[in-house]
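Each chain gets a letter, A, B, C and D, in the order it is written, and its residues are counted from 1.
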Amino acid sequence: MSRVIEPAADSTAALAGRFARVRARTLELAAPLSAEDAMLQSMPEASPAKWHLAHTTWFFEQFVLARAPGHRPYRDGWAVLFNSYYRGAGAAHPRAQRGLLSRPTLDEVKAYRAEVDARLLEALTRDALDGEARRILLLGLHHEQQHQELLLTDVLHGLACHPGRPAYRDDLPAPASGDAVCAACAWIAFDEAVVEIGASPWPAHRGFAFDNESPRHRVLTAAFQLAARPVSNAEFRAFVEDGGYRTPSLWLSDGWETVEREGWDRPLYWQEDLESAFTLGGVRALDPHAPVCHLSYYEADAFARWAGARLPTEAEWERAATALPVQGRFAEDGVLQPQSASGSGLRQMFGDVWEWTASAYAPYPGYRPWRGTLGEYNGKFMCGQYVLRGGSCATPGDHVRASYRNFFYPRDRWQFAGLRLARGA
Amino acid sequence: MSRVIEPAADSTAALAGRFARVRARTLELAAPLSAEDAMLQSMPEASPAKWHLAHTTWFFEQFVLARAPGHRPYRDGWAVLFNSYYRGAGAAHPRAQRGLLSRPTLDEVKAYRAEVDARLLEALTRDALDGEARRILLLGLHHEQQHQELLLTDVLHGLACHPGRPAYRDDLPAPASGDAVCAACAWIAFDEAVVEIGASPWPAHRGFAFDNESPRHRVLTAAFQLAARPVSNAEFRAFVEDGGYRTPSLWLSDGWETVEREGWDRPLYWQEDLESAFTLGGVRALDPHAPVCHLSYYEADAFARWAGARLPTEAEWERAATALPVQGRFAEDGVLQPQSASGSGLRQMFGDVWEWTASAYAPYPGYRPWRGTLGEYNGKFMCGQYVLRGGSCATPGDHVRASYRNFFYPRDRWQFAGLRLARGA
Amino acid sequence: MSRVIEPAADSTAALAGRFARVRARTLELAAPLSAEDAMLQSMPEASPAKWHLAHTTWFFEQFVLARAPGHRPYRDGWAVLFNSYYRGAGAAHPRAQRGLLSRPTLDEVKAYRAEVDARLLEALTRDALDGEARRILLLGLHHEQQHQELLLTDVLHGLACHPGRPAYRDDLPAPASGDAVCAACAWIAFDEAVVEIGASPWPAHRGFAFDNESPRHRVLTAAFQLAARPVSNAEFRAFVEDGGYRTPSLWLSDGWETVEREGWDRPLYWQEDLESAFTLGGVRALDPHAPVCHLSYYEADAFARWAGARLPTEAEWERAATALPVQGRFAEDGVLQPQSASGSGLRQMFGDVWEWTASAYAPYPGYRPWRGTLGEYNGKFMCGQYVLRGGSCATPGDHVRASYRNFFYPRDRWQFAGLRLARGA
Amino acid sequence: MSRVIEPAADSTAALAGRFARVRARTLELAAPLSAEDAMLQSMPEASPAKWHLAHTTWFFEQFVLARAPGHRPYRDGWAVLFNSYYRGAGAAHPRAQRGLLSRPTLDEVKAYRAEVDARLLEALTRDALDGEARRILLLGLHHEQQHQELLLTDVLHGLACHPGRPAYRDDLPAPASGDAVCAACAWIAFDEAVVEIGASPWPAHRGFAFDNESPRHRVLTAAFQLAARPVSNAEFRAFVEDGGYRTPSLWLSDGWETVEREGWDRPLYWQEDLESAFTLGGVRALDPHAPVCHLSYYEADAFARWAGARLPTEAEWERAATALPVQGRFAEDGVLQPQSASGSGLRQMFGDVWEWTASAYAPYPGYRPWRGTLGEYNGKFMCGQYVLRGGSCATPGDHVRASYRNFFYPRDRWQFAGLRLARGA
């Protein structure tokens, strides 16, 4: 069964349960962090964990609670602090300075969460939320799940800036070891076809999807082949050792400029020995058979060229993924690191690592942003970024689907992003 | 008849004639420039006219003449000066410092041109060029035509930096005045269809096309409508006056950041009065009915959103254009400024202004770069840029075709770039 | 009596007492800060309070405890974290990234302080420190007092970046109100003279002084006049209202460039109304008679030019100050804000605000840096900075002397820096 | 006799003669340059030769001719182009964009020079210039001589950016070879003394001096020793080979940052072999005994520290220089490169290389800028720069005097700047 079942919009109990679960999970992810860890902002693109905790709460306060007449903000001035980029919701503290928000403290933010949670559950259970409010509540949970993953990637980046390379958690389980026999990668072939991709627009249709996944539409994909599994650490290491980072002909022009300017010579977090990497569990040996991770689009693309292949388009990826159950290693598994896998056939499409596609992030034909301020959620970023598919070891499992479109700039490396090869038929 | 007939690869006379014509035309375009004008480099993206003259010549020397055994370079050290970005052809002087090449002088560059021309024509006419050399010769002419347009846009940008706003030429004819009655824009409707776009790969097929136009392939386009003509100055002025540059909700996120950082409040070259603009003929009144020009992708996209429409994809554009003759106002007309047009039906698809499309510049399915160093021509730029279609008032008319893909970064404004609206059916 | 009496180098009790007092005072200053406040680094020049706490401790560990054979560092890897700029002491974490050190936590840093304090007091009282170690111990206390002031200025800057303008302490006493009658400023006249300035080199001579205050040497000062008191808020406000920040002829060329680039239009921390300012006690009304504060050298110099006067040289300042007792409003007073004063004659030379002098920070004739790594303390900064004199409301009172040379870049505004006018005789 | 005799302000013939001579000399210096060479601006601090030609002419037009009632500018709009930094004289084209002024052409600028020269000489000879105008005329000649040197240093920098390393002139004579026997450097000793330095203010006093050289004033200099000659190439090479550029303890903090950021590892223009350097005559072998040149203050200071010495203060330098005739190798010698010298005693104080002093550029006690717009000439730059003394091989010989204060930023390397060591007595 390939698609997540959404709670019925009319089941208050289910919605309340889901709400409680997702909100608790975020706190759980933040639990290993001291107040000081939760302040870290190591680059403008990354946000402090405390800010993620507060912003996701503000989202509910701003878009659900504040709909009620007479709503008084939890604290004056906090909306500015915790608005991210919704110009329709007023001013926002500059993104690059989120790490300067020592006030409110982590404890005060947790109290904020508790209070907003209580108000929402109270309103929900006494049926004070209309349909629109309930829908935004559900949206807010999907929003929060996105921030759960960002919280992890941002913490990882922040801790990586510390010369002592401290672990997020010292007690993470060791990754599984896949079946080494399957190391050679097989190709799965697809014929030319007009396929339907994307999701029917929510909430008109029942299954939740972000606006950028809609409308569902037909695409013609030429015949192609898709690698049975993602590219492994061992394979990427061969690229490094073959001089991949010193060979301009393998790179896009913008990518090569970045390599030279930034002095890139291996994936982010790989140590100099090419045999270990910094992870949420500290520095650990690289499993040669696990998917390579923390690549930019530029690196993924250069590797594919070196390998005589290319990245799949998102239509190709989705066509292949639609047939599969949404199963894989997600954040709940608790390893928080890509793992090698066994088996045959198309595998690891979901979980482990996000897979860069060759597709620039663009609106689907007939795309309409959500109405009002929430229309800023996705649409205004449809320029200069690339689509990633499939979710990662840091993604909540029930947050992913075949039509899910993640997107980052081609230079971004701090996500759990790897690649799967494709080639013409 | 909608496609240019290429000279038969086996007709030496035709090739020689074309060669002489194109090379002479470049000199003609540079003729109004003093040695000092020809030195101007006003930003890293723009090159001095002298450099264009030399680089296009180096292209022939490097890729045609140097194929002959025993070839001695015209001058030692010049290859470094005039290589643009072909890493396979050795080192290149830094792009941003082309304006520091006072040596060789303009006269010496003209002598270089004359000598390379003579050698090539000599080799061509005594049949010393093999098929590959002849093909590269032809490619070099298409390459040179691209630089003819860049020479004009770069000179315009350089002169615009001068507080005296000097004209490139004082004797440019006044633009034509179109039929004001046609000012209201009609929509042309297209049904859903699988169409074929792109060009068959040259030189396997006879008609010349750049590698990025191939292979010809099927695309499914949903039903859509295309505006009968480009957006006019009057229409864009209404956007400006409506506060378009002060309304973040109209802009892509990256676009709005650019607007704020650069202080954009009107198209490049428009004067503060919104009624005149700097052109190659100096400051001139804006024709309200002429196509608006010198827009970035961000501005084109914001205008479309303001107008309740969108930009066409390149497949939509090409589908519509394929049916039309390649006719329009090109560089040969000598006005070097977009003009208003009369008539009904789909018009001004070719010439006047390049039209930004909604399509990120990406490889077509099955794309293969040319072999060897010339493979760097187009492929390595397929990231972060957007496709423009149709040619402009500064494009040589026989350089354009329906499948032609021009590409620039979304922030770039100094090309003759405007837009045509599209919308869903 | 105008100079502080240093504890006799041979009085262990006095040294231990002073040590305990200074170290406790630093903790007291950090007490109002949460762990999160103590992480704030709002610009590369400012350091987190936690880092100040740790760095001053590292200074004792590195330069005193580590002299003992067999010393084992308190924690491996911490030397890199808390070394500031002593290249002779090994690697240092990049200054601009001190705010990313969530580990160790504030509590761990306090434990570090306690342990190092215990070890030092133990070594001191069982006479295990030789003369050199005792001298460095004393130096370390002067060093720590410098960081006490920096801790306050850096916290102030960090909190000022928060849109809520939170106070460092809500319970700071209100500033005193001086005698408004004394508002008109008198001039004190000095004849031409060869005077001796500077301090005899410590430790050869008994009174402590930094190396940059030595050697004591003769300087010829022409006749001059010195303003009886610092420039007041009311006077500076008149400059602002007279268009001082819009009049390039009042500014040094580098200063004007800074004004334009940074958009300066009033002193740092002044609110738009020119009647209130952000302070360690939150936003407070400006006392018109209190010394103006948080000026760059550029602003001090421009004001002086506007007023038809100039800044004093450090020799002029020191000549005048030497005759006075080191009395004034210092950090111990607990107001942490410059206050207006009453009385006649030369006043407020010490305390309230550091006074920019016209003197570039340079070595005195015959200057010798301390030997070894501590030679990096002062000497390597003698370029591009200007000398300030007299201490401020955030300086420990027993840290200041007439020969004391503070120094900052002319663009720096976040210190408690004001000015006193001078003019020719 | 050590000081230049100025033409009597009342001798029209002498003034006219000097005017003609200086103006002609500038053209002579520009004569080897093509129109394109004269466009080169290789960094914001350097200006195109054409701009120097025009700016010096504008100076006369603006400050002399425009004093006459009814003056009409030579060309409308040119004042903006050729004003440098005189805010009192209206707007100025941005300094970093002087290289974009292809218009007017070099020939038009020469015609401008001729016309302004003619008008001035006509006015001068028919006695239409009042005393003030005559004084500014004289000042304008000193101003022009400064630009003669800048023209050479800026051309050298521009040509050095060309990978072909083209010479300014191919026919420059070979440098002289000094007496190798004198290679070991002697020290000249000076006692403590109160000396008078500086120049009496012109025009109140007859001999010309810039305002920054006045007033003449007493300074106490402690006993010191001054090296008999500047530091040589061989000596500086020993510093390089001893790892001087890799030893942070030798450098000022700002200097070391610059070394690391810019990747400095030898003087500007030295080739990698440390045996040759780019000069106005092209790449030439370094004379080991000639003064080292093209150093920043940071490098001069680091060398002095390495050598166990220091830079002299400007008072020390001037005290020593006042006793000497203003003789040396200047621009008129036509070698345009520092040369080694023979002899004994204090030598090469004038000419060959400017000598960095330890003195930050600051006003003398009682300094008053000239009145009006010309007050911007020197005063507003008295911040962040260091004084150089003595003139160079590119300075006109009659432009230099013992009191002359040149000044540049400590990072600046493109002047003919070297150093002479000093040390305590």
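In the analysis below, a residue touches a chain if its C-beta (ideal position, glycine included) is under 8 Å from a C-beta of that chain, and two chains touch if they have at least 3 such contacts.
Quantities reported herein were computed from a predicted structural model and do not represent experimental measurements.
The set of chains touching chain B and also touching chain C is given as A, D.
With chains reduced to the mean position of their C-alpha atoms, the one farthest from chain B is C. Note: centroid distance chain B to chain D, computed from Cα atoms, is 47 Å. Averaged C-alpha coordinates give centres for chain A and chain B that are 38 Å from one another. Spacing of chain A relative to chain D, judged by their CA centroids, is 60 angstrom. Within chain C, contacts with two or more other chains are made by no residue at all. Taken as a graph of touching chains, this assembly is arranged as a ring, one closed cycle with exactly two partners per chain. All chain pairs that count as touching, in label order, are A-B, A-C, B-D, C-D. Touching chain D in their complex are the following residues of chain C: 85, 87-88, 194, 217-220, 222, 224, 248-249, 251-256, 297-298, 301, 310, 313, 358-360, 362-363, 365-366, 376, 380-384, 410, 424. Within the complex, the chain A residues that touch chain C are 34-40, 42, 50, 77, 80-81, 93, 97, 99-103, 105-106, 158-159, 161-164, 166.
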